[in-house]
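Two complexes, one shared chain (chain A), two partners (chain B, chain C).
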Partner chain A sequence: MDAFNNFLTGTVTLFSDPIGILIFFGGVVGGMLFGAIPGVSMLTLAAILLPFTAHLSPEHGIMLFSVIYCTGVYGGAITAILFNIPGAPENAPTAFDGYPMTQNGEAGKAVGAAVMCSAIGGVASCIVMMAATAAIADWAISAFGPPEIFALVFFGLAVAASVGAKSFWKGWLSIMAGLMIAVVGLDPVGGLERYNFDMPYLAAGIHFIPTILGFFAVSEIFVQAEKKATGSYNAPKLSVDFPTFKELWQHKIAVVRSAIIGFFCGVLPGIGATLAAFMGYNEAVRWSKDREGFGKGKMEGVISSETANNAATGAAMIPLLALGLPGGALTAMMVGVFQMHDMEPGPLVFINSPDLVWVVFAAMFFANLSILLVGFLEAKTIVNLLRIPFQYLAPLILLLATVGAYAVRGLTIDVVVMFVAGVAGFFLRRSGYSVAGIVLGLILGKIGEQTFAQAMQMLHFEFSGFLGRPIALGLLIAGFITILASIYGAFFKKVPASSSAG
Partner chain B sequence: MGKLTKGQIVEGAFWLILAAFFFAYSFEFNNNIEIYKYGATLWPRVILLLIALAAIGQLLDQRKNGDAASTSKIAAIHEDSAQDSQHNSLGWYINTFILLCLPFAYMIVPDIIIEKTGTPEEGTAKINIICGAVLFLAYIAISWRNHVGAILTLPLFFAAMMQDMGFYALAPVFIIGVMILMGERRPTRMAMVMLLIYGILIAFFVSLLYVGLPTGYISPFYDFGTWMVNTFQ
Partner chain C sequence: MTVKKYLLNASVALAMSAIAGHAAAECATDSLPASMEGPDGYPERALTMIVPYGPAGGSGQVAQAMAEAVTGLTDVSINRDHKPGGSGTVGMTAYMAAPADGYTVLEHIDDAASAHALDSTKPNPADDLIPLVTSQITFSQIYIRTEEDRFTDWNSFVEWVKAQDGKATIANVSKEGSMERVTMKFITDATGMQIQQISFDKGAPRYGALAGGQVDALFEQPGDVRSFLDAGKFKPILTILKEAPDAFADVPDLVDAGLDFEPLLRFRGFYVNAGAPEDRVEWLKWAFQKAYCQEDYQAYNESKFMTLIDSYRDTDGSKELITETVAQYRAVYKTMGLEVK
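Take a look at the complex of A and B:
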């Protein structure tokens, strides 16, 4: 009841302040737009706005970033569905089925499902966040040390190997290729340079944003261009038919499951919405009776990914506000906003600034609700981008991606890396490899290695130490079983070739 | 029991050679880390071992199951490419490989010429422009009958030249180049679309967001880039 009263107080404070309302709606629209524009993301907007938050009150600054976070995660789904360009890594699994739906003439249904499920996942996450922040933060932080996070990363990668590629082997090789790209640069423990080939650029590692833009956006342009050159290009069919309530209701279990997965992943520092989205998608595949349908335009794929990534946004605020631990890039920027106002996020914020906490919670709740309204209006208009002929859209997307890659660090070599990744993605996709697997390996590789090193130091370099940690052990066993089952399936349980595309 | 095709053997060999090469290179950073007894090499070496095992597993699977090995329970999710037979021949791969080397040649060759000839600093821009022009002509000649190779290479050329010639001067040429390669042939339409895309980018990123895009350093490209920044930012 206390939580409800606090929420009401936060809501009244938020909507009785004209500047607060202005900032709230600016954040909603800005997050959605930046999430939906190919080549830029909510992180671009947040980075641009960060210096200006010094002129805002702490409540307004943190509230603005939390609203951008909620709506930006949703906004990235639009480009993932319409152009196969995820606005952020957490929208990558949305593209697996969202883009095929667009190609099948169901863009409206895919966007509608994304709008609805992003809102559901986000609102559910906010409610749990408000009701149980302290207890969940205590449990997650005490139960999930480096061994558990490493085991969770291993499990996530093991499951992801069976999705997105033509065979388990190609899926596994895709993930390993991503992990190897992540190895380039400094090692996380001793700071030794690895695989830099005496090139200063490689010493700092390969940045994931140009790589993601290359593997997704650029390789997609190349694939479509090849189809155009060979006369097999089919323009995406335009539709603004949103899914019916009945269609969505059929996926209620997927929504609930993904919301739980998203919340669980979001609450863990350093894991966040990306793993949530991938795990939400993977579990949808695992529990589905129609596994072969995934990747060919199945609405459940969009629903699972979008519910999970938005469910992670509310959860990611728990370690940030309760313990001062950011869960990802945007929450790390929020720490910067706190510091600009001489504040430190952590348990004291709840005692010293309860108004701030509850205004932020209320703003996130209403930001997720506003996805329903503003998202539908935005989706109705933005789907019309598909009317633009591909020969005009292609240079625009390539140049937006160029600006996006360059703007990260101001290095033209990042643009070269992006186009090299695009060419590599083109050839890998031709051969049945999964670019999503590579990107997942790249993003989780650094977390995996770092947590493995911390875990081994913690366990005094004894692998048997995992036996005394039931959660880590359970996740490792589940991961190994997944891999062994896939190997067994690859050798002994072939499906007829006709049941699969390609 | 199927028989391995040449393509499958090449694919398997590629991964095994890649793993062997990176394993050999890992000795370059095989130093002790005081607080971490596994050092910086354990993680990449385990990944390389798994790559080798997966490559061997794939070869065994393909040998046992033939064509069916390319499918799995959740198989063939991305039916991505047109994979026209014309774009799968050895000749096409060689032609495309040569094309893809041209942008990297632009990044290397001018520096070599400048070093070998001892060209003074004021003459380096001329060498860059001449090398760029020659390599771009070679690109047009080689890609004449390889449309897909041309599409893959053009963005790399754009990126390679951006450091020297800047975004502002190259972007209009790049937009028109992509449109031509995508099959657009109407000059008026191309000019209008080019101006529209260029205008949107400049208005949004340069005027509104103050994103500092590369101006290049070779005149007259640099002068044009600086003029654009001064005018619109």
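Take a look at the complex of A and C:
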């Protein structure tokens, strides 16, 4: 009851202040726009705004960033669905089925599902966040150390390998290619240089954002350009028909499952929304009776991914606010906002600044709700971008993607990486490999390698140490069972793994 | 919060207030002129500051605080260009490739000195660059959880670690040749204890590992864990300095613990290419050194526990600090069996 009263107080504080309302809606629209514009992201907006938050009150500064976080994670779904360009890594699985839906003339349904499920996932995680932040944060950091996070990554990769490509081998080869790219640069433990061929810029490793832009956006433009050249290009059919309530209700289990997965991944420091979205999507495929339908335009794919990634946003605020532990780049910037006001996120925030905490909680709750309203209005207009002829749209997308790749670190090599990934993606997709698997291998490979090394140090380099950690052991066993099941499915049942647009 | 913890926090706060009051009374660069004309209209446009780390970390924040202080002093804008990756290598490489015209400056930390100590082909911050100012110098401490009951202070910690036969753990940034790993070698050699170092390159998982009981201790600088100290979650059991500052007077220092080695410091500063025109360098030195004493910058340093020891070095002082640090690292690397190029 205290939490509810605090929430009401936070809501009143938020909406009784005209400047607060202005900043709230600025954050809602800004997050959606920057999330939706190919090549830039909510991180770009946050980085631009960071110095200006010094001139805002702490409540307004933190509230602005948390609102951008909620709506930015949703905003990236729009371009993933309409143009196969995920606005951020956490929207990549949304493209697997969202873009085929667009090609099938169901763009409106895909966007509508993303709007609805982003809001549901975000609101659900906000409610849990408000009810039990401190208890969940303490549990997460004591129950999940490097061995458990490594086991989670292993499980995620095992599931991903079995659902991404046209065959068992191509699925695993795609994941392995991603893992190989992930080891370029400094090793995360000893700081030794690997595979950088004495090029200082490669010492920083291959960044996943240019890689995603290359594999998804650039290779898609090549694919469409080839179709245009060979006369087989069909412009996507424009549709603004949103899904009916009945259609969404059919996927209620997928929504609940993805919300739980998203929340769980979001609460772990350093993991966050990307793994949440992939895990949400993978589990949807695994539990579906129609696995072959995924990757060809199945609404459940969009629903699972978007519910999970928005559910991770509220969860990611838990370790940030309760412990001062940011889970990703945007929450790390929020630490910067706190520090600009001589504050540190952590246990003292709840004691010293309860008003700030509850204004932020209320703002996140209403930001997720506003996705419904503003998202539907925005989607009705943005879908019309599909009216732009391909020959005009493609150069614009390439330009924005190039700017986005360069903006990550201000390095030309990232633009080169994007185009190399684009060309590679063009040929790999033709051959039935999963570019999504490569991207997932790259993203999870970095986390997995680091946590494996840390786990080995903690367990004194004895694999048997995993036996004494029940959660890690359970996840490893689940991963091995998944691999065995996919081997059985591939070689004994003679049923090929599902194909994907990835 | 218990009364004891409250009193401890209050005493730290009081000590901080006293230091802050002292800092406000006099500052290292007060004697510099309040304004200085740039040579031939320089700077005619905004400066660029290359920062080899992300905007949210310690380097990103000090770069922002210093850039704002310089702009407040001179009205010259400074665009920060973050180039993270490779433990500062990417930013340093990009900086050395930029024109040496005095319009591009660099923020860097002591990692640049240790990188040069290990591989002399990498730029020497004292020779290839001109230090404009070193604006943050801090020390390290060993932390445990306040609620820890297996050990409560440095002596009981050492005894407990020895009894674990190498199975005790400490979280740090144990990159090859890093300040953390070298310091831990000093400590383990001096005490005879064996402890497994767990490498965390990012702060949040590192602090979470101690808070969640995944590791037994943490190696860190006090400014980075201030929120945990203020909240009474962590407590320092060893200050890695020969003489502990007043704010940590009740925490044993190296002398108290009977550890005989020269402590390595963490420092952050601002540089310009040694090939830049001399008159422009002189103006930059004035701007960055004077900005150090700007009220906002001092408040920022204070909030990060960067006023507990003398955090300021001018150009000559910075060169001396870097040269000593490089020599110290080289000597240790040789005893560690690392290949020094």
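We adopt the following convention: the second predicted complex is superposed on the first by the 495 of 502 C-alpha atoms of A that agree within 3 Å, B and C clash if a C-alpha of one lies under 4 Å from a C-alpha of the other, contacts with A are read in each partner's own complex, and residues count from 1 in each chain.
To be clear about the criterion, a contact is a pair of C-beta atoms (placed from the backbone, for glycine too) under 8 Å apart; a residue touches a chain by one contact, two chains touch by 3 or more.
Given the structure is predicted, the values throughout are model-derived calculations rather than measurements.
The superposition on chain A brings chain B alongside chain C with room for both.
Of the two partner chains, chain C is the only one touched by A:335; chain B is not. Within the superposed three-chain model, A:204 lies in touch with chain C and out of touch with chain B [touch as defined at top].
Of the two partner chains placed by superposition, only chain C is touched by A:146; chain B is not. By the touch criterion defined above, A:471 reaches neither chain B nor chain C. By the touch criterion defined above, A:345 reaches chain C but does not reach chain B.
Touched residues of chain A, counted separately for chain B and chain C, are more numerous for B. Within the superposed three-chain model, A:458 lies in touch with chain C and out of touch with chain B [touch as defined at top].
Once the two complexes are laid over each other on the shared chain, residue contacts for A:167 go to chain B alone; chain C is not touched. By the touch criterion defined above, A:132 reaches neither chain B nor chain C. By the touch criterion stated above, A:189 is placed in contact with chain B and with chain C alike.
Shortest separation of chain B and chain C in the overlay equals 6 Å (C-alpha atoms, whole Å). The intersection of chain A residues touching chain B with those touching chain C, taken from the two complexes, comprises 189-190, 192-193, 410, 453, 457.
Every residue of chain C that touches chain A in the complex is listed here, in rising order: 54-57, 60-61, 64, 68, 81-87, 89-90, 92-94, 166-167, 169, 174-178, 196-202, 204-205, 207-209, 211-215, 226-228, 230-231, 233, 299, 303. Chain contact summary for the complex, chain A toward chain C: residues 47, 50-51, 138, 140-146, 185-186, 188-193, 200-201, 203-205, 269-270, 319, 323-327, 329, 332-333, 335-336, 339, 342, 344-348, 409-411, 450, 453-454, 457-458, 460. For chain B in complex with chain A, the residues that touch the partner chain are 11, 15, 22, 25-26, 29, 31, 33-40, 43-44, 47-48, 50-51, 54-55, 57-58, 60-61, 64-65, 67-84, 86-87, 100, 107, 147-148, 151-152, 155-156, 158-160, 162-163, 167, 171, 174-175, 178-179, 181-184, 193, 197, 200-201, 205, 209, 211-214. Chain A contributes residues 48, 96, 162-173, 176-177, 179-180, 183, 187, 189-190, 192-195, 218, 222-223, 225-230, 232, 285, 291-292, 294-296, 390-392, 394-396, 398-400, 402-403, 406-407, 410, 412, 415-416, 418-420, 422-423, 426, 429-432, 434, 449, 452-453, 456-457, 461, 486-487, 489-491, 493-497, 499-502 to its touches with chain B in the complex.
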